[in-house]
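Written below as structure tokens is the structure these notes are about.
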């Protein structure tokens, strides 16, 4: 089924509104927890570990200075990760939303076709899809004699957009189907046509349900960009491997370096996660 | 059977389609081993990540602020960092902190092997998502139903076990399903710490036999089949526990 | 399409003739016939599961019928060539569960359909929406979301929402269920005012007191057929059919 | 713990004295006092939002009170040292929305609590569950899920579920809302039978006819206080308080 | 079909696939540039053609696809010359380099012959061709990781008894006695396998040019010079080839 959600137990809608009202009475969102403090603690630990490692091998270059030395290169790689994740998300969402709506189409062939496409791309491993994109897409395309290069990271974007598309399709379908059928009926009895019902009544109510799984998907996608090394993109994990090799396989570097990368991802993704919670709450108050 | 294998040798010689695992018994052994490792790893992780999800969601409803904070910290950490790096972290960093034991050859080796670490890290990774999924399911169970249980004299654990969880489960099954599909696909990451699962053995085979496209197609088919099986089973289950009059 | 072909106001505005409807193996309507004249208020009562809601939904073409004929203003509802949207502009429906759009405020709920469906002018619709909400006694609640309104208030928004489409016929499905006596009274007053303005109303209800007060004509359904009918005075005082007698005898 | 310390059956089984309750800034109960003797059936009526449900929930310790005292069988309910589970074994509650466990069949719904909470023997509980369902006239529906039952049937399962715990006091919160007259009658009969067997019942309802039939004593609440009380005959015939008069005047 | 030399000249750049994670043959410097023995060879080719050099980092699973697709013109990426690879790409004769295989292990393990590895976990690099042989012929359990940093860490923490790898790289690593004082390369070097430089199939003219260049490198001692420059002891193969060609 879906990333998505929830063939909702009917009374839940009422109850959630109740909570929203309570939140409004308190005069704002009731804050959830702050994971930040714990995380900063972890960061400090990691760095102190790195520093300790540096003191052990006295004549060697310190771990910290090695990390600093390579930071600009690694950042260049990280930019690829972000660009790929962003573009793949945008592309995958647009196509996936269409596919999801087609999944509830009244025309059986459209419905079956989009279901099949969705299931296929959802079940195939990301790595394999990426590989096929590398393999099947040319490195450049000629349009009317104009040679347009298809750099690796575009191919990677394409390869990752496919599973994103399938997942978004499921999210959209699941959300639409979780809206009580009374909403369809009452719109119908007010003479809304199907398109109007979908866009003005159903979809706005789906947003809240779709947001959490959609943002989860983005988190998963961002993490999956490290797979892009398969198609030859010099993204941050590939570069980290290369850096470690360039440093001659020092065993005290492995953990600090990967912790460093871990931290970058966290710093990028955590605010997004917080923002999702915020958005979710924002939509919750209105419904 | 032998003729069947020989035919693939012929296929390779004639067309260049090189499916070594049919005619080469060594590759075949690796492939079968990889297949079962993947299944075993998936099953173990499915089980433990679900347990983590259930317990985590229960702890998240705890009255103790610090319990909730720790659960939140756990979720945020695992959701917002790449699982590949997490796996490295578990295997290389935590693996190093554990005491070592003497193995059968008289060497000191880490207490937990790479398979165990892969299972642990993937379970924690998928578990973090599961906690959130179960939480949303639990929130969808009407307060009044919980109250009814309370009014009948259930204590907190009983009402969670007998009323809230079974209902929440039905609500979040589609989302859970989705996450578990992702988990099975994510087991491929275990290749990074040398767990001989499907991707790992495929990688070995294609570096030996230069048949990357063939192995990729093989992987695609195997995973689509495996995941398809899981999805099918979950759907069956979903239908089996469907409550009349609820859901759509 | 606005076909008032042969229909004139001296003919029934809703003409239901020998309608059959089954859901799979379950026979729900087994030959229902009834006629409603313009401006009439009729009440349908009957035990649970006797097909009352289904009948209303058939009139609105929300569910197809198996046999028989339903005409609204002389036009066959279940004609496959019929433009359902046109029908629904003429027939409004208020559901038991209200089915308000939870993401819109009360006034937005009322305004949406006229603007989207009838493409009417926004400012004009807005003025009418406020007037309608005033009419159902919801002044001051215009900008509340459904989740912030009590059941009775939601019910009245749903009525206003249907009225905004200016239908000729209104269908009310158990609009007073689960309301307290005071709110029931308010809804009653609203429906009465509508009837006085010439609106045709078909009501399904479990509230006998309410039915007695509001109806011009009563129908009693059981197992998918109309067992008895008549003006409320006579209907309640001297039920003829034993099934009706039994049912009315249960009322406390 | 099963404390019947000083309590004897000639004292009120439920003794509510000057109870205050506010949700945040909203005062819901403003000094409610009432006593119920063993085997008595009392009905509480009043406009929406007057705190009827809240009062029942306070008796069951589902919500804490701010001031005053509630005693059940001589035991203070809001004593922090009280084992709430023990209290709830003595006090059963039936909710307006039934709140059945939708993933369990009717008989499972009835059996669950005695087995899980009271750790009673399964076969023994099962026999009792069937007997109870028979008593509420639900033979043949034992293995239906709540989603497959009509509202009235669900309501009766909920009653059986509470009875299975063998409580001394039953609280009914608007158990007849949204039911058709026939089903209301059935529920009425069930409650009457319970009362005859000596069960103490507290009911909240909007159905005046029902209240008149079933109650030994009526209470009318408004804005969190009990405005009027008395035996039903007198209460309905000669209400003294103007607020009660107005309320009863609205009834159709 | 246009010849790729013409294409390269028209384009003004030569695109070469090289390794970027294999010190000292191809690795990154902090600016991101790829340096090492093979990049220098690639630079020689570009100079010879009079064009600019562009290097694309490749890994074993994609290097042949890149060449086939035309994404790179030439591959100098530590690829062992094997018959099945010759079916996919055109490996230029003579071989430009070679390396043997050996195992680095703790001195305490006392490994003396390859058969000693039987049944024991041995670390390796994913994609290396001798993994299969070590496993198939000597019965070792190969635990292969992505990069050398992972392997060395796993070796240190005792996840495997030894590391099977190119002997020249191991020799270089063992020179760091501070870290690896307790380790040795105790087995006889086997499999002196030649490395092949590859162009697309059917590129006769380009292959001829490259063949001449390789002969030139051997003749002039360029390979030996690069080895010394990058801190690798001169390999027997490079010495032998220099002997063979220097007087031609």
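We just call them A, B, C, D and E in the order they show up, numbering each chain from 1.
Note that a contact is a pair of C-beta atoms (placed from the backbone, for glycine too) under 8 Å apart; a residue touches a chain by one contact, two chains touch by 3 or more.
Since the structure is predicted, the reported quantities are computational estimates derived from the model, not experimental observations.
Think of each touching pair as a link: the shortest run of links from chain A to chain B has 1 of them. Common neighbours of chain A and chain E under the contact rule above are B.
Averaging Cα atoms per chain gives one point for each, and the point farthest from that of chain A is the centre of D. Distance between chain C and chain D, defined via averaged C-alpha coordinates, is recorded as 35 Å.
Averaged C-alpha coordinates put the centre of chain A at 51 Å from the centre of chain D. If you average the CA atoms of chain B and of chain D, the two centres end up 48 Å from each other. Touching two or more other chains at once are residues 97, 102 of chain D. Multi-chain contact residues of chain A (touching two or more other chains): 9, 11, 14, 18, 135, 180, 254-255.
Counting partners per residue, chain B has 88, 92, 96, 142, 144, 167, 170, 212, 246 as the residues that reach two or more other chains. Interface of chain E with chain A (complex): residues 20-23, 27-32, 56-59, 61-62, 65-66, 69-71, 146-153, 156, 172-173, 176, 178-179. Chain E meets chain B in the complex at residues 60-62, 64-65, 82, 84-85, 87-88, 106, 109, 119-121, 123, 126-129, 131-132, 136, 142-146, 150, 153-154, 157-159, 161. Contact residues of chain B toward chain A in the complex are 65, 68-70, 72-73, 75-77, 79-86, 88-89, 92-93, 96, 129, 132, 136-137, 139-144, 167, 170-175, 177-179, 181-182, 185, 188, 199, 212-213, 216, 219-220, 223-224, 227-228, 231, 235, 238, 246-248. Residues 47-49, 150-152, 177-185, 188, 206-210, 212-213, 247, 250-252 of chain D are the ones that touch chain C when the two sit in their complex. For chain A in complex with chain C, the residues that touch the partner chain are 13-14, 17-18, 20-21, 180, 182-183, 185-193, 196, 200-201, 204-205, 286-287.
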